[in-house]
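Next come two complexes, and both contain chain A; in the first it sits with chain B, in the second with chain C.
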Partner chain A sequence: MEGSTDTAASEGRSRLGRRLLTERLSSYWLQGAGYFAIALFAFIVLALLYQSLPLLSEYSLVQVLASSNWNPAENEFGFLPAIVGTIYVTALTMVMGTPIAILAAIYIAEYAEGRTKTLVSSFIDVLAAIPSVIFGLVALIVVVPFVGDYLAPALGSGATGTGIFTVSLVMAIVVTPFMISLAVESLEALPDELRESSLGVGATKWETIRIVLLRAAGPGIFSAVLLGFGRVFGATIVPAMLIGGQTQLPSSPFSTGQTLPTLIVNDFGELMSIPLTQSALIFVGLMLVVIVWLFNFSAMLLRRWLQQRWQY
Partner chain B sequence: MDRYAKQRLFGLLARGSAALVVAVMVLVVSVTIFRGGRVLLTDPAIAVTPPGSRYMLEGDGGFLHAVLGSLFIVVPATIASATLAVSTAIYLQSDYSSERFSDVVNMFLNVLWGTPPIVYGVFILTVIIAVGAQTSLFFGIIAIGIFQYPIMTRYTDEALRSAPDTVREATYGLGGTRFETALMTLRAAMPGIIAGIIMGFARGIGDAATVLFTAGRSTRMPAGLFEPSTTLPVLIFDQAMSFNAEVRSHAYAASFVLIVAVLGLIIVSKLLAGRYARFAPGGRNS
Partner chain C sequence: MTDTALTTENLAVTYTGNREVEALKGVSLEFPANQLTAIIGPSGCGKSTLLKSLNRLHEIQPNVEITGDVLLRDRSVYNTDEPVPELRKRIGYVPQKPTPLPLSIYENVAYGLKIHGRCDSKDELDERVETYLRKVNLWDEVKDRLDAPGAELSTGQIQRLCLARSLAVEPEVLLCDEVTSALDPISAETVEETLADLKEEYTIIMVTHSMDQAKRLADEVVFLYLGDLIETNDTRSFFENPQHERTQQFVTGHTAVEYTESSEESGADSETVPAER
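Let's turn to the complex of A and B:
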């Protein structure tokens, strides 16, 4: 464009030219931004994979995953204790958290009305936004003494209070509001005709919820639970504060242990000195990414399958 | 048990669960506020005093370095990440990309959203090792920015999708380009976008795992972009398990500051969303 402004026509042309230029330039930028998510994911996986190659060239995958000896100073890298600890924590958390999350979601979506409903759901929003390090701190003040002084002795265990059970209890508190808000969303998206027709044929309110609504909202609730699963699985700060940090196969729910993320946090100090340790801990990061990816993918497939099966 | 008794029982269970969740929330917030408030009331200066030389051992001085570190890391990270997130979300709309492409990107965004923060920390750490740098404020910003990106993108994308189509049609009808149309849609979706950005900010300021290995865990005042620094959550994490009660009390005070900041942000986001609702055609809540 010449940019001269002596006639109206050329002004119009140059202004249009400027607008089109903005359009073109902005679309390059936006396109770049659009591909950023994919590029970021690929870059993360490749970087982690590249850095964990030293470990994998030294030991086979099976060897590393099935060995229970974790002793970086002696070049022994067995992830089994951390893997078992992670499964233990995740399972216990979900057993404690899921029923309460679903029942509370049912309360908010089906029972609560008016101001109570607004109040309770904004409380849950707030709970979901509290940083996990604060849950860890409050747990150190409240839950650890409770478990150590009352619960563990009552069940005949000499635990100090930090350990797998404590972590699971606190993680259940951390993850519940997250699952509740997703479950409430899918319950509230259901059309009222479902409720009306079920009540109309003589079902009680609970039968309506159990037989009709929980199935219709089933795909959404399932993916809420699976996403919660992923959250617990990758939780770092709360386990690192409360699990006790001993890399051993846990013998009881009250024993101390290690999860995959806490392995990274607790052994970080040795990371720079022994090169293979660095590679091993980065491999843990890679495992976390891959498993979360599998979780997400299976959640998507399951959701699709359930939607077909329980469609209304 | 007949079906009416069952209905009453499960009604009670549902109420009980909700009451339990609310009670836990009240407990967590009030323990934090009381413990932290007590420390801050007896010695309010620790929030604005730089740390002393033996801070982690004896708790001399205060945690101003962590407050400033949090601000210096999370504010730039939020600005950078929000710019990128809004751009991505615009590109995902039907004006720019096909349904198929945006489905694929959304799948990746879901995976990134679900990725544990510690993985971002480890990832940035591998980058630091690869370029031979040291942990610093700069890498903390990048780590938090990456962590916030999927969160903000999902919120923005949802807000743009729920913006009324009439805005888009009217702008195209007046001869607007795609970019001009996108700006108008952005304006109509502003309440949702602001809420998303503030959510991202709140998540970023509360996250410890991403900055644990990237920002440097320093116990001195942040000195520059490429110097080590720390944030409030990392400080709380390090001090909470200290054997020195004085040091632990600083963790309580810091968590008070953090929880007030997060709760304040939520309130601000609600207020701002209401304020920006006037740009949204069709009423306050659309």
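Let's turn to the complex of A and C:
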């Protein structure tokens, strides 16, 4: 009798020991996974930086960033056209996409009901899941002729249809559903008490949305827009298909151009054999990574501030 | 003697979602003006539903059907040209969960005033904000940090802020849904004291899960059970001499020593009263 309680007690103890061991191991494992992400990022940045050094030892940073001559065959590495092209595409896309995304999200989260709501939001989700190369293909058939034959002439431009504006339009179509989905989620996550409190003092639905809900969901909507921004900024396939690669500074939003990612894909195969070109393209990659990182970091700070200011 | 602020006529509410729920099954009630009426009953009996249907707040959910009517000073709340926001200004609502709007303390109170264009100047607005913060005994605690987010206050303070926000638009009736249930005992007491002060001036309809709170605060008590109105009476008679078996069970199930005697008494003669349902 006594012996059996002893075994039971020691069994209990060893079981506890095993559980505590698992506990400790799992926390190490999770910690390891976290540090691995940091290490990976550092590794990527360092690898890119190391491979960029040949270019940076030949030319100064100011030279490559401010020069608008891109001609790797002649050892001319000016990134300005691609930088301007990237800024154009990103800004135009966000200007077209963000207001529509926010309005559509408000409609779906606050106005649409029943079957309409299910239908609309499921289509938005499908659109968000379509690979962007498909949008690029459809755009080649539809948007390019439309811009080339109607829109550009109407605005007094002789553009052929491919170019910065077309890319922006298509990218807006690509990222808007994605931003809508995320923005709807943050609106729907708001507690009903917020709506009841505001309506309960006699506010209208629109006042409630504008003053209360958009603030309360503000940090979430901000993140949605930011993730959209990240996707546009790093977009490769749609710009590569539609921007009509040319290496001069773009003269108008309808003109053809380059973005930083298209620079890499266009010249990747043929020119990588020239050492300095390879270094230049890797430097483009470095710029992309650093800018995205800086952007995310400052966005995190801004988001924190918003969350503090608009907490509920 | 007392006039009636709000009347419900055979009010029935059904949720028609996945599962059909008859939350209210035809309730006719009169809420006296300038008194505090407590609505009590076990959870899920339709207290919140009744409260929200009084100022049509249930309408923000899909799949709700309502029949019957609510009269505010003899005028229908449902069959009227009066826009709903105007109605909700007259019948204010404070939810169960302390909910600051994502605005500063000052802006929380000024919210309704600004929307309804009640104040012509900044000075007047300042003055009103101060008045209502004083009315809920919050002014001294927040006067130095009016620009801080409302959400930075403690939950008890937030609940008083919510009261101030509702009172600022001068409602005729104030609906409060278990406003102390999410609070710690001390904050609950402060909010309760505030309500006790306010009931002199306002018609307050308050849902509560606490019998003791109803006893302390209410002038009238309404008892709901599974969507039916079981009994309504002035607070003293309600607790000392409940008329229905259900009420007796509910009251004795929850009350402490003080009422044991009287409830046993009425428990005894309840056996002669045929059970209603």
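Everything below uses one rule, namely that the second predicted complex is superposed on the first by the 273 of 312 C-alpha atoms of A that agree within 3 Å, B and C clash if a C-alpha of one lies under 4 Å from a C-alpha of the other, contacts with A are read in each partner's own complex, and residues count from 1 in each chain.
Methods note: a residue touches a chain if its C-beta (ideal position, glycine included) is under 8 Å from a C-beta of that chain, and two chains touch if they have at least 3 such contacts.
Small disclaimer: the values here were computed from a predicted structure and weren't measured.
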Under the superposition described at the top, does placing chain B and chain C together on chain A give a clash or a fit? fit
Report for A:Y150: first if it touches chain B alone, second if chain C alone, otherwise both or neither. neither
Comparing chain C with chain B, which touches more residues belonging to chain A? B
After the superposition on A, what does A:N296 contact: first (chain B), second (chain C), both or neither? first
Would you sort A:S132 into first (chain B), second (chain C), both or neither based on which partner it touches? first
According to the stated criteria, A:W305 is in contact with first (chain B), second (chain C), both, or neither; which is it? neither
With the two structures laid over each other on chain A, which partner does A:T204 touch: chain B (first), chain C (second), both, or neither? both
Is A:P191 in contact with chain B, with chain C, with both, or with neither (first, second, both, neither)? second
May I ask you to decide whether A:L30 touches chain B, chain C, both, or neither, giving the answer as first, second, both or neither? first
Name the contact category of A:L227: first (chain B only), second (chain C only), both, or neither. first
Can you give the closest approach of chain B to chain C, taken over C-alpha atoms and in whole Å, for the superposition? 10
Common interface positions of chain A, toward chain B and toward chain C: 204, 207
Touching chain A in the complex, chain C uses residues 52, 55, 57, 60-62, 85-90, 92-97, 99-103, 111-112, 115-116, 149-152, 162, 165-166, 168-169, 175
Interface with chain C, chain A side, in the complex: residues 113-114, 191-204, 207, 211-212, 215-216, 218, 308-312
What part of chain A is in contact with chain B in the complex they form? 19-20, 22-23, 26-27, 29-31, 33-38, 40-41, 44, 47-48, 50-51, 99-101, 103-104, 106-108, 110-112, 120, 123-127, 129-138, 140-142, 173, 176-177, 180, 204-207, 209-210, 227, 230-231, 233-237, 240-241, 261, 264-265, 268, 278, 281-282, 284-285, 288-289, 292-293, 295-296, 300
The chain B residues in contact with chain A across the complex are 3-4, 6-7, 10-11, 13-18, 20-22, 24-25, 27-29, 31-32, 35, 84, 87-88, 90-92, 96-97, 101, 104-105, 107-112, 114-120, 122-123, 125-127, 129-130, 146, 149-150, 153, 177-180, 182, 199, 202-203, 205-209, 212-213, 233, 236-237, 240-241, 251-252, 255, 258-259, 262-263, 266
